[in-house]
Amino acid sequence: MLAALTLVSGVLAVTTRQIFRAAIFLLFSLIGIAGLYFWMQYDFIAAVQIVVYVGGITVLIIFSIFLTQQAGELLPKQKIGRQIFSALAVFCGFALTMLQLFQHSFKPTTGQPVLPIVANIGDRMLGVAEDGFALPFEVVSMLLLAALIGCIVIALRSKPATS
Amino acid sequence: MMEPGLNHILVISAALFFIGVFGFFTRRNLVTMLMSIELVLNSVNLNFIAFNKYVWPNKMDGLFFAIFVIAIAAAEAAVAIAIIINLYRSHHSIDVENAEEMKF
Amino acid sequence: MNLPVLILLPLLTAVVILLMRNATQVKWAALAGAAAQFVLAFALLFAFRSERAAGNEAQMLFELQYNWFPAWHISFHLGVDGISVAMILLTSFVVIAGVLVSWNVEKMTKEFYFLLILLSLGAYGFFMSLDLFILFFFLEIAVIPKYLLIGIWGSGKKEYAANKLALMLMGGSALVLVGLLGTYFGSPTKTFDLMTLSQLNIPASVQHICFPLLFVGFGVFTALFPFHTWVPDGHSSAPTAGSMFLAGISMKLGGYGCLRVATYIMPDGAKEYANIIIVLSAIAILYGAFATMMQKDLKYINAYSSVSHCGFVLLGIGMLTKTAMTGAVMQMVSHGLMTALFFAVIGMIYERTHTRQVNEMGGLLKVMPFITTVLFIVGLCSLGLPGLSGFVAEMTIFMGSWQNTDAFHRIATIAACMSIVVTAVYILRAVGQTAMGPLKAGYENLTDATWNEKAAAIILIAGIVAIGIAPFWLNDLVSPATEIIMKKLAAVTAGM
Amino acid sequence: MNDFLQMPLLQILPAGKGSALALLLIPLLPFAGFLLLGIFGRKHIKSASGIIATTLLLVSAALSLYTAYGYFFDYGKVNGVYQKFIAVQYTWLQFSPGLSIDLGILLDPISVMMLVVVTFISLMVHIYSLGYMKGEERFATYYAFLGLFTFSMLGLIMASNLFQMYIFWELVGVSSFLLIGYYYNKPSAVAACKKAFIVTRFADLGFLIGILILSFHAETLDFNTLIERLTIDGNHELHTAYSSMFLGASALTWGAILIFIGGAGKSAMFPLHIWLPDAMEGPTPVSALIHAATMVVAGVYLVARMFPVFSMSAGAMHLVTLVGIFSALFAAIIACTQTDIKRVLAYSTMSQIGFMMFALGVSGSNLVEGSLDYTNLGAGYTASMFHLFTHAIFKALLFLGAGSVIHFIHSNDMKDMGGLRKYLPITHIAFLVACLAISGVPPFAGFFSKEEILLAAWQHNKMVYYVALFTSGLTAFYMFRLYFNIFWNKGAIVHGEHHGEGGFVMMLPLVLLAVGAATAGFIPFGNFITADGKPLEIEFHWQFSIAPVAVGLTGIFTAMWLYKSENNKPAAIASSWGGLYKAAYHKFYIDEVYLFITKKVLFNLVGRPAAWFDKNVVNGLVNMTGNTTLTISDKIKGFQSGKVQQYAIYFLAGVIGLAVLFIYIWK
Amino acid sequence: MLNEFLILMKSELVLCCIIFLLLFIKVGTDMTNERMLPLVQVLLLVNVVASFIFNQEGTLFGGLFTTNLLMAFQKSILSIGIYLISLLFADWLKKSEHMPEFFMLMLSAVLGMFFMISSGSLLMFFLALELSTIPVAAMANFDLEKKLSSEAAMKMILSSAFSSGILLFGISLIYGATGTINFAEIPALLDGSPLQILAFVFLFTAFAFKLSIVPFHLWTADVYEGSPVAVTSFLSVISKGSIAFILLTTLYKVFAPMQEIWYNMVMLLSVITMIFGNLFALRQQNIKRFLAFSSIAQVGFILVGLSSNSSQGTASVVYFILIYIFSNLAAFGVAGAISQQTGKERIDDLKGLYQTNPFISWVLALALFSLAGIPPTAGFFGKLFLITAGASKGNYFFITVAALNLIVSLYYYLRIIRAVFMDKNDQPIEKIILLPSVKLGMLICGAGIILTGLLSWVYDYITSLTM
């Protein structure tokens, strides 16, 4: 059910010719994924998914759509040749991937599972030992800083473009 | 319907991945291309979580990977949108085919 | 004798040239440098001879080895034997003559001389290298200056010619490179050192792959048929000194490489492919000669005749007898001097008449006796007149070739011999039309050679005559070295 | 390792007799003259150059006379046999152990004889030229070239080594080239000198290959050793030379034939004679020196030098005979029709050299192959050398005489001449003597030598004898045709001022040579020069002489009848002979055949295609490689379309392609 | 612990300090570019010097961060590169409105590269890769008014996002198949199953994308052309160098069990890359675009050396990249100086350059000769060692293709030489005034081009690091 929701809205998101609807479908698709996370009992990640994607990125996208596009305007259609080729390539890729995935027998580990609860995550996130992720955390923070600077410079340019 | 297991999730994520890729190939609007990328990244996240859950529950590598991917996706989206907006200012369009001056 | 001096001296000269302010200073600096090279080359000759006379029988003299890139077993290994000394002498002759002849270059004088000296540096290094890597290094150093010399100071279709030359030569050196690497990895001990390699028995399978690569690669430099097409265009478009260097030195790099690298370290391969080499070089000799016959441009004439004459070099190598090989080296020296002189003369004539078409000239003997006399001498040398160097070299090759008794070699030799007639035809045609006959109108007021041109011509003629009249010293210099190569070849026969 | 400057091997043989230094000086003095005049003559010593060169040559000639005297009458003969001495020897270029070019001086009867001939004739020409060439712009150059020629010729005849001979052979060729082309601004002279050089060069190719063959089998280049190895029965060198066959002939035969081709080229034998008539474009004294007396007999000399080797091959000897006799007849016929006096003399030279050649040929032609027995040899060798000697004198005289005529009348053509005996008395007498000598009228020199040749032919080959007899009749005819046309026939047509016969310098050589032509026949040649070094008694059969003399006189009188005074008989005869006359007048179209071969066949069928092939195919391939690369580069530009989505499709395609490749195909 | 931390992460910490210092300066003061640039240059020089001293081996953060002397040297190479960039493009930087931000972004990217080189797990690698990509995309847009610049940035960010997607998918598959993302643990768990191959291909294409290996190179030319020259040179030199370094680690260590497969793949891609790069470079008119394709061909050569899978291969790749930095930066420096002052970017515009600007002509010539591999420039040694390393497998076909490609590449390098030195031009580019720092940068590049090759101890040093 969730899967169906995710996939159908995903397909619609990339095919609908109304950009605003595409954004909404994307939103549904993302929520569907969050649902899947919930269903797999990864609550934290589901929460993050909803907060960051639904609350952040999608909103960002919608804003940018407002900024750049008249809502309701139909998107230009892609050339049919391109569509066929893309579909073909994508289908091949999908087939190949599926084939390999199904041929491969995943052997689940026998180790003691670590519960994905917030406390554990927090521990690890700032740990510097074997299983710690403090360094990636720092790196990501640098990345976000850099992204911020980049966005500021690019988006807030002082002079408007001269046509 | 059987109890959904690893394989089902993998099918979903792979399908989502290629849906995203297809979108990236065919949408002419830059923002929708970006949206397709988000789909791709989400499918990967789904993969990570699924593997973590069903195959390697002893560590939380997949989970953390997913968290960081989300962060990266956010940063990337931010920069991409900034660039797109800037492009819109100079080209007055965000159709990808209007930005093909450089070729061959 | 300290061999690196011969590399450092051109380097120093080049630097000094770059520091000079005006064209006159540049010229004199270049001349001084070239003269110093000349003196050094002779010093080397005498030092070499006195060492030999003192009983030093080592294969290479004045060896010097410095580990350069130990990771790849590359060492900066220099040393000379008779062949190298002969080639170094040749280079010094051509360099000083080239510098003298270019006295009137006004466009970018500094750069011109800089490149000339750089080229000589490459040549010296090449002839002294005993390590395949640095040999290759110096080989390639000598290519680009040629490109620039032709492209900047040349005439006619210079860009096309320069490109063609650079690309074909680089193609040749690419083949050499592959061959070298094959040798390096195919030999029992991984080394680039020529002396070590010559002691080893490289597996025959490796030799059969690498020999043609090396030989053809070097052969491109020496106008091996059918890779000779850069020669006519390159030579005819180059400035005078450029042509002199190109034909006088650069083509010899290939011949030397074929002998020293390909044949010496890969005797098996040499035996395997000798017949093909002979066929190709016999074709080059005759075909070059016949093609020359149809040319009207003096530079094309000399360029095609160079194809023919360099065919003798390869023929001598391919014959795999000591005498023929000695002859090949002599032919390299002889052709180097001769063709340099020929191009110098053509340059002198062109500077005055502003044409190189033989049918637009005539009777120049009247107005420029010195230049035309030199033209006569060089023509006679080209057609193998006794008393001049060409004869000695060619006869040695014929004699050596004839020592192979089978019909195939005999026919190839006779074919090569036939070229001396064709050579006579085209040389006389060119010289006759240029120098003799009634003086064409408009040429009455041309002047004869200036001091620098005279000096250049006399230096080269001195070299030609010295070999022609007294070939024994060159023979004595070269033949012990070729004997060593032959011994290596003979050892293979014995082993088979 | 040889020493850098090894000392030449000076062998003074026998002890105390003769001086090697003196021998060395003989060729080196003219060479010194060449260098001196060649380098400084143009500016510094222009006027004195003639005197300098002549003086040097005078010394040289004196030294050769001294040598000849010493050799023939003092130390040369040991136990009744003239020895071969190597006076000087120096290893010039060592090819391989055994094979080396040694520069040396070989003294044997023929070389000493030639020494005298060459220096003497050369001296005469030097002296003559002082007058003849006076006032020429390139006077010094002329003498320099003469010096070079004399040097080369002397080196050739004194060569102790086959290759040394080849070296000087080539040098002779080039000095001939330089002298023919002396009037360099005359297109005909330029063409002539090129032709001479190229034709002889072509012949030299044969010589060279012959050297290669013989030296390979004999494993030496030294004359004496080579002859020894290739003539003594049972020697393995001889054996291999006999037994290695190629196209049905042994290596020895091939070697001999190829060497003979070289000789034939220099000596203007048919069909390599075409350069000689044209070579008359050179100054007349040069023609006297080179194209009459010395260089052109080099071929004969070569065959004589290699005579024992030639004798080992009947085939080669037959060829020599055949070519000799045919050339003699052929040239004589042409000579009867030419009007340019120098050309007549040129063809006459060719004809006479033919005589010498077949004399050599017949004397060895009926040997049993495989053994050389000197006693079996006829007198042809001696006869040939004798004729060479006398011919040198009277032919030089003829040319110098012709030179005087030309100097006087400024024309080469018989039509411009006639009745000159009054103006040129000395020349007239000298010319007459020479004509009588060449016609074989006793007691002039030519009679004796020609007599011997005919005798040799009679002994060995009757067919040759009859042809030779007829030819000698023709000789007398065309010589006197020349004589009468110049000195009698029409009245003199001298315009205004003339400068007489030239001075003393021009007359002296004429007189000296005339004396020689008249008396040289009395030298007992058989005593000195024979194939084996032992004296040969030549019996003089006066009965045998009747036929030749009669034929000669017939020729003379026919000429007298036709040309003594102006009449229309010659024209009538010419027209009645029609085709033959025309063919002979056009030299039997040999030139045209050559022209066809070189122009049409070599240039158009070989040279042009070669050039075309080079330009289009070889070069084309190279250019094509470049252009193809550029074209491909242009064709695939669509790959880089500028569309970011297309890039992504390629990206994915690449990923899938690689994955499929490495998962399924290329494991 | 802290001590170790300071020393091992010294390079990264220095960079962070510089970044924050710049941030404070930017926010807290209103220093002009004129005054700030020398400061930055000095700081970067300090960075270079610092990168050479106190280097140690060790790991931190439980294996997420590893470093050794070779990695330290790789970082030094990159440090030299950015220092040179700060010198060579001083003119453009001074006029740029956002110079501090430019440096901040660039340094963040370099920081990402440092982390990438030192990364000990796929997670670190991925994050560092993104850190080194996203700021560059932003930098590509720094010529804010230029349409081409934003087009370039757009192409870059979209392409790289796409490639990140593929990479992540690959990583997820590897994670699924092996259960770990630690470099140290992966090799033992790889067994070459098809899924792993698939995953590896996905992963590898991300490298291929960043290194511009054909057919994943298509973004390169457009981005290079549109970006400011400084960014282009950063992309083509620093970015590629860092990826090549990490590729060495990845292929040689992490994917060592799949050696057979990646050798074939590298070989195949190398051949294709050289050929395509060269064929496209042949027909380019824009200098930057031309250099883009030429750098693609150069990558093909790097792959040749990489394929050898030996310490010599490592040494030659590292060595080549050092040389490549000098050569390519010199070329870009000249192109930048010209386009900054005249706005001309076409090869035809270079005609007759030597008449008016001999100095930069020689620098350009030297750079191009080095790129073409002509002695005595270092490029000769670099290329030769790469080819020699590649030949050690005895695959002559491969080597011959490489050698033949050298000729093609020579052709187009000579095309520029020809334009500069030989062609006549009525209106050549006027005399270009070089700032002292630009001149200094060019001189350093020139010296590097010549000396790196001739002084063999550079290579010896690198070899000693790889042992």
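List of remarks:
Each chain carries a letter (A, B, C, D and E) given by its place in the written order, and its residues are counted from 1.
Basically, a contact is a pair of C-beta atoms (placed from the backbone, for glycine too) under 8 Å apart; a residue touches a chain by one contact, two chains touch by 3 or more.
Quick caveat, the model's predicted, so the values are computed rather than measured.
The busiest chain interface, judged by C-beta pairs in contact, is A-B.
Chain centres here are Cα means. That of chain A falls 101 Å from that of chain D. Centre-to-centre, using mean CA coordinates, chain B is 27 Å away from chain E. Centre to centre, using the average C-alpha position, chain A and chain C are separated by 69 Å.
Chain A and chain B, compared by their mean Cα positions, are separated by 5 Å. Taken residue by residue, chain E touches two or more other chains at 123, 127, 130, 134, 137-138, 141, 144-145, 153-155, 158, 162, 176, 179, 194, 198, 221-222, 283, 411, whereas all remaining positions touch fewer. Counting partner chains per residue, chain A shows two or more touched chains at residues 82, 85-86, 89-90, 93, 96-97, 100-101, 106, 109, 131, 133, 136, 140, 143, 147, 150-151, 154, 157, 161. Each of the following residues of chain D touches two or more other chains: 626, 637, 640, 642, 644-646, 648-649, 652-653, 655, 659, 663. Interface note: chains touch in the pairs A-B, A-D, A-E, B-D, B-E, C-D, C-E, D-E. Here chain A touches chain E in the complex through residues 96-97, 100-101, 103-104, 106, 109, 128-136, 139-140, 142-143, 145-147, 149-154, 157-159, 161-162, going by the rule given at the top. Residue ranges of chain D in contact with chain A, taken from their complex: 645-646, 649, 652-653, 655-656, 659-660, 663. Chain E meets chain D in the complex at residues 154-155, 158-159, 162-163, 166, 194, 197-198, 201-202, 204-205, 208-209, 215-216, 218-219, 221-222, 261, 264-265, 268, 276, 279-280, 282-283, 408, 411.
Across the interface of their complex, chain B is touched by residues 122-123, 126-127, 130, 134, 137-138, 141, 144-148, 150-155, 157-158, 161-162, 164-165, 168-169, 171-173, 175-176, 179-181, 221-222, 225-226, 283, 289 of chain E. Residue ranges of chain D in contact with chain B, taken from their complex: 637-638, 640-645, 648-649, 652.
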